[in-house]
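Before anything else, here is the set of structures, which you'll find just below.
Each of the two complexes below includes chain A, the first together with chain B, the second together with chain C.
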Partner chain A sequence: MTLTRPRAVVPASGFPRFLAGRLVWLLAAVVVVVSATFVLIYVIPADPVSAVLGGRIQADQIEAIKARYGFDLPIWQQYLRFWGGLFRGDLGFSFATQQDVGQAIAARAGATAALAVAGLLLSLLIGVGTGVFAALMRGTWKDRAAMGTVVLGMGVPPFLMGLVLVFVFAYLLPVFPVSGYGSAAHLVLPALTIGLTGGAYYARLLRGRLVEVMDADFVRASRSRGMRESAVFVRHTLRNSFLPVLTWMGMDLGYFLSGVIAVEAIFAWPGIGTLAYRAITDYDTPMIVGTVLVSAVAIVTVNLIIDLVYPLLDPRMAHR
Partner chain B sequence: MLRKTVTAAALLLTSVALLTGCAPAQAPSAPVLTGPPVTGGTFHMALASDLPTLDPAQAGYDATSWSMVVAVFSSLVDYDEGLGVTGDLAETWTVSEDGLTYAFQLRDGLNFSDGSPLTTDDILFSFNRLLDPDTASPGSYLFSNIAGAADYMDGSADSISGITAPDKSNVVIELVEPQPYFANILAMPYARIMSEAQVKKYPEDISQHALGSGPFTVESLTPGQELVLARNPAYFIPGKPYLDKVQVDLNVSDQTRVLEFQRGDLSITDVPAAAYQELVQGKDFAPYVVQNEDATTYFLGMKNNQAPFDSAEVRQALNYAVDKDRLVQLLNGRGTVASQLTPPPLPGFDPDAKGYEHDVKKAKDLLAQAGYADGFSSEILTVNDEQSMRVVQSISADLAKVGVDVTINAVDQSTFYATVGAEDQAPMFFTYWLNYYPDAYDFFASLLLPENAGGSNMFYYSNPDVEAKIRELSSLTEGRAEAIQALDAEVTATAPFVYLYHSITQNVRQSDVSYYIHPVHLWRFADYWISGE
Partner chain C sequence: MTALMQGPLVALAPPRASRRPLVGGVALALLVVLFYVLPTPYDPNEQLADGLSPIGFPLAPGWTHPFGTDPLGRDELSRAIVGGRLSLLIGVVGSLVATAIGSLVGLLAGSTVGWLSNGLMRFTDIFMAFPYLLLAAALQSVLGPGIGNLLLVVGAVSWVNAARVVTAQVRAESSLDYVAALRTLGVPRWRVLLRHLLPNISPQVMVLFTTGISYTILLEATLSFLGLGIQPPTATWGNMIREGQAYFSSAPWLVLAPGLLLVVVVTAVSLISDAVSDRSSKGLKGFR
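Up next, the complex of A and B:
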């Protein structure tokens, strides 16, 4: 398995310049994403007030309420107002949910972060465990059984996995709560849903890479130098196989931090995903822009951090 | 026990009706009570929806905000367990003979739930805030009949001249014209009394800091997640509420609500279509089904000002074409066929109204008369939920039989409401009207007056004779029910839309929960209790 993602290149001229470049890239990404979102809002000519009150009260009252919230302004004015607000730390007001967009997102950030981290850890635990097991057992029925299970895990959509887990562990054996947020017990089933469906990718990725590296010349060389098999595996094989896993982790974490909608919806998990989903179905434009912005920042930031971690695993990267 | 039997009998009738294919008997909406009231306990429920706001002035037209606002805030007058209006903050009130002056005598020693006194200043403040253009309340127009409201709302007056407090325990409201249902409007969530001090302290996020004098106080509100209400220790009606706490989980999916109810975690649940057999017909819960005949009318709307729907014959033909009994069957019997606009629970409903029977031949004849012997094609806009889709598919099959070929345009709820009123869109659409206050005037005025065209008059219906009669009905006190029946018959003859059905809501409760569905405010936590068997 080869790595297709463009790797971070830290130029010899120094780390500060690298970081500055990446921050500029982050800002550019934010501007592009927000602008693209505004274009999409413009293409869909509906507004949050009509979406809630259309067909229910007089048309001119709807117009008056739109004017009160500034939804009657041309889209370019709304666009400028958004940036003006953002510089004051104000993401705007959500008409559909009657709350400040920034506060709404902040209130859900904790739940999203908890689920993202727990889900990622379980994915890794399950994925790395299965991947290493299958690679060590390669060619045997145990390998095929493990990888067969993995394919099943990849094929099951998260919402179905969630429902099965709820049925088994909350209804048949009432060990965990069906849904909700608040205690560690509430976190188990949603995180496991992510772990079981997401872990499968890591297992496949890692097994493929491990099998490739196990036969590489430098590994055979270490072995022939008399290194113990376990040490060879941990210090050479595993370490050299981990880069694609790290890349995938970066993408996963960024994605999880913008909210795993399917899982949040099943477990009534109060995260950013359901907030964004509701915003889209409500035409709640300020909330759409706010959640898109936060997701973009999360994805870009996590990728920046991953880029900084690469050289620790693979010193060659620091010199390129 | 008697009431349980009544519910079971109604269910039995429903199933018989289903088997025989006719409309079910009308369901009683009496409270289901188990034994004498018991104090204490937590009432736990879960909703598919969010709770948009606890600010009375911002309560839109969603059931969740209405019920929760009503639990936290009091009003001058409020509903009893049915459609009757009774004193709330006002101990008594009188209406002058000309119907223009409402004088309210307040109870003594009224307090907000934090112990601060509730004064006439708070009452005047709440009304002025509600009608303030800057508040932009979706409910403000309902109060435009108060003297001086129009001047205040267009900015030419500093306050509403028609609301005054002659002394500390009296409030007087003057109206421009008599309005027999004005007390009903006061009992809506909008005119709930807020603490002036609290609103001034939290001008931006009063919903997060709701402070009222209702039966419950907000213990915690986590937007998008849960609302926890606790008994208001300072509540002015001794002995109420019975419950210590009410927990409302928000944004909970259909499957999860049903599972949590079956596990015993929830006190009640609604009945999603997929769970109908298990919850309503299964033996475990069937005795605990609670139902309410909603004040709703479902219809297939048409743009009356556009061809071919500008022809009354075409609109009448479509009324004959649709098999309404079949629709009620599709709803598992949770509805009754609509033969008029006024729904069954409201005064003026005529049980003998004829409406349009299912008659394909008549439909074809009328279409031919209108010059559409070969039919025509059109489009039906609908919300894409499972039940609406089933109904609209059945309608579309019926219309095909008379040569009317429709495509179904299924969209999410927001898209539906954002586009249904546009004159050049949605030639046909499937939706409903639910009463804002229990008077048929709401149905006639909202749906049929020309000034509401493009808003709640989604049909662009215009009929000068009907219009004059609706305006007369607004202030009519004598013979109101008869006038409603006569007007309804006249409107039905003009067929502004295809009359479909009035819905019935079913919930299921745990055996020890005393629960009913309020016909206007849905959930009235103050009246519920848990017997703790």
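Up next, the complex of A and C:
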């Protein structure tokens, strides 16, 4: 007898069932993340209003503000009110700027999305390029040099990479603008920061996987059937090595949304990262909850999409 | 087996003994000596009388101050060394906390069935959806600054990876014959788990722990860079880079000196965790 019984086999139920299951999971994840954030932000500092405004205004004004935002209510009522507001699409108002949280996030989502897409594309370009190069050159000094650079690159946090790029491009080689938003040129340095730091992970992951797959029986079989070396590599080796890269892309979004706080701060990029950062330093609780909520929804949605894409790369992973 | 069947000739070469443990280990040993054993050249928090140029500008790197001085006339090398002590300490202890929490969750989730196991695994999955730095930053701002709180934050956000890996490992090991054999001999489940299974997955836990160190160092640096981690005047690389940022154009050493040390230490730790990983991976995998 083993420590665990084998898990029950899920009856074949088709794609709709799979999708429904994933959507329920998505919803559950968001509910838990929001609840945890709510507890974290609202419960631990017993009195957020005094924490923000303490000493600056009269005690009776504090009471009035508490009543206005509902902080005088018991915690479970505040929690229900929060969800009630959420269902009406209302994330509340920022303490610090009086903005509507939903509108503030919507106004900045585009900038962060642009940075995310550009950064991810550059990460993939750099990572896949380096990974494939190192795998093809495996065992040689070129492989070792490439992977050495990658290990070094993994040790550079995005904020440091950003500062170094600012230094290089602002003072030594003034080609790209080092801060602000508006044109494609503004996007280059922040995206390169994310591309260089993120690309290292893809390179390492892909090389490791490629080297394993290159020795697999099915690859040797393809070669023995007389397939051209390049076709074997692209159609079999690379395709089979791409699954971990895809999985990492899903996890990478969480990493990206984290790194983006510092990167946006350095390049004065008007995205969700700067919004979240300011909210945290201002103890702006509705804004913190709002940005965490939006980030969590983005992360689970992207992971859902990736789950749906898996079978395209690997038919064995067809949705039951 | 002929070379033809083996595909590329490289695959035939026997796996060479990795030289990486030596490189990473020596590098880290040197850094530990530098950080903990050697005295700092100056008091890291003292504003030196001759620490600024006649016009009040920080001194560039030179013989007396290898890393230069900061805008308050403090010796940058001494501060970087003290910051390094803290960073390494937070890295090791933080990773220990995270790996311990994660392993505990993983052992529970991997060795049980039913609601406990499912609940723990779902909870772990959901935690992956958290934007971790946002969570860490929010938690840090709620708890307030301080090393103890920082370790708590690190533990709270970084246990997930360990939990997932350990769960998978425990499940994989559980299906092996030796577990069945032990159970047949009447060894209780908990004893199999703790005395036989745990030692068998300990290499993987070691890998998690060592990778966790570099991860934690980077997390702490990022938090401190954002002004949410360790607060000045206590020096860490993150808050030194934060303070140096404003002078980057005229005094780049204020960012580059702590930044360089950060990269070197994280890389050294990564090399060590690669070495641990090499040792623990079973079978012939060749040069990796």
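The criterion applied here is as follows: the second predicted complex is superposed on the first by the 291 of 320 C-alpha atoms of A that agree within 3 Å, B and C clash if a C-alpha of one lies under 4 Å from a C-alpha of the other, contacts with A are read in each partner's own complex, and residues count from 1 in each chain.
Operating definition for what follows: contacts are C-beta pairs under 8 Å (C-beta built on N, C-alpha and C of every residue); 3 or more make two chains touch, one makes a residue touch a chain.
As the structure is a prediction and not an experimental result, all values here were calculated from the model.
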First (chain B), second (chain C), both or neither touched by A:Val117: neither
Contacts of A:Ile75 with chain B and chain C, given as first, second, both or neither: neither
First, second, both or neither for A:Pro174, with chain B first and chain C second: first
Which superposed partner A:Leu19 touches (first chain B, second chain C, both, neither): neither
Which of chain B and chain C A:Gly139 touches, first, second, both or neither: second
Which of chain B and chain C A:Leu313 touches, first, second, both or neither: neither
First, second, both or neither for A:Thr274, with chain B first and chain C second: first
Partner chain in contact with A:Leu243 - chain B first, chain C second, else both or neither: neither
Touching partner for A:Ala109 - first (chain B), second (chain C), both, neither: neither
Per-residue contact with chain A, leading partner among chain C and chain B: C
Chain B and chain C contact sites that coincide on chain A, given as residue numbers: 163, 166-167, 170-171, 265-266, 281, 283
Residue ranges of chain B in contact with chain A within the complex: 46, 50, 52-53, 55, 58, 60-61, 133-134, 136, 138, 140-141, 204-205, 207-208, 222-226, 249-253, 255-256, 259-260, 262-263, 265, 412-421, 431, 451-456, 458
Interface residues, chain A side, partner chain C - complex: 1-5, 7, 25, 28-30, 32-33, 36-37, 40-41, 44-45, 138-139, 151-152, 154-160, 163-164, 166-167, 170-171, 208, 211-212, 214-215, 219-220, 223, 251, 254-255, 257-259, 261-262, 265-266, 276-277, 280-281, 283, 288, 291-292, 295-296, 299-300, 303
Of all residues in chain A, those that touch chain B in their complex: 46-47, 50-62, 64-65, 68-69, 96-100, 103-104, 107-108, 163, 166-167, 170-171, 174, 178-181, 265-268, 270, 274-275, 278, 281-283
Footprint of chain A on chain C - complex, ascending: 5-8, 10-11, 13, 110-113, 117, 122-123, 125-126, 128-135, 137-139, 141-143, 170-171, 174-175, 179-180, 183-184, 189, 192-193, 197, 214, 218, 221-222, 225-228, 241, 245, 248-249, 252, 255-256, 259, 262-267, 270-271, 274, 285-288
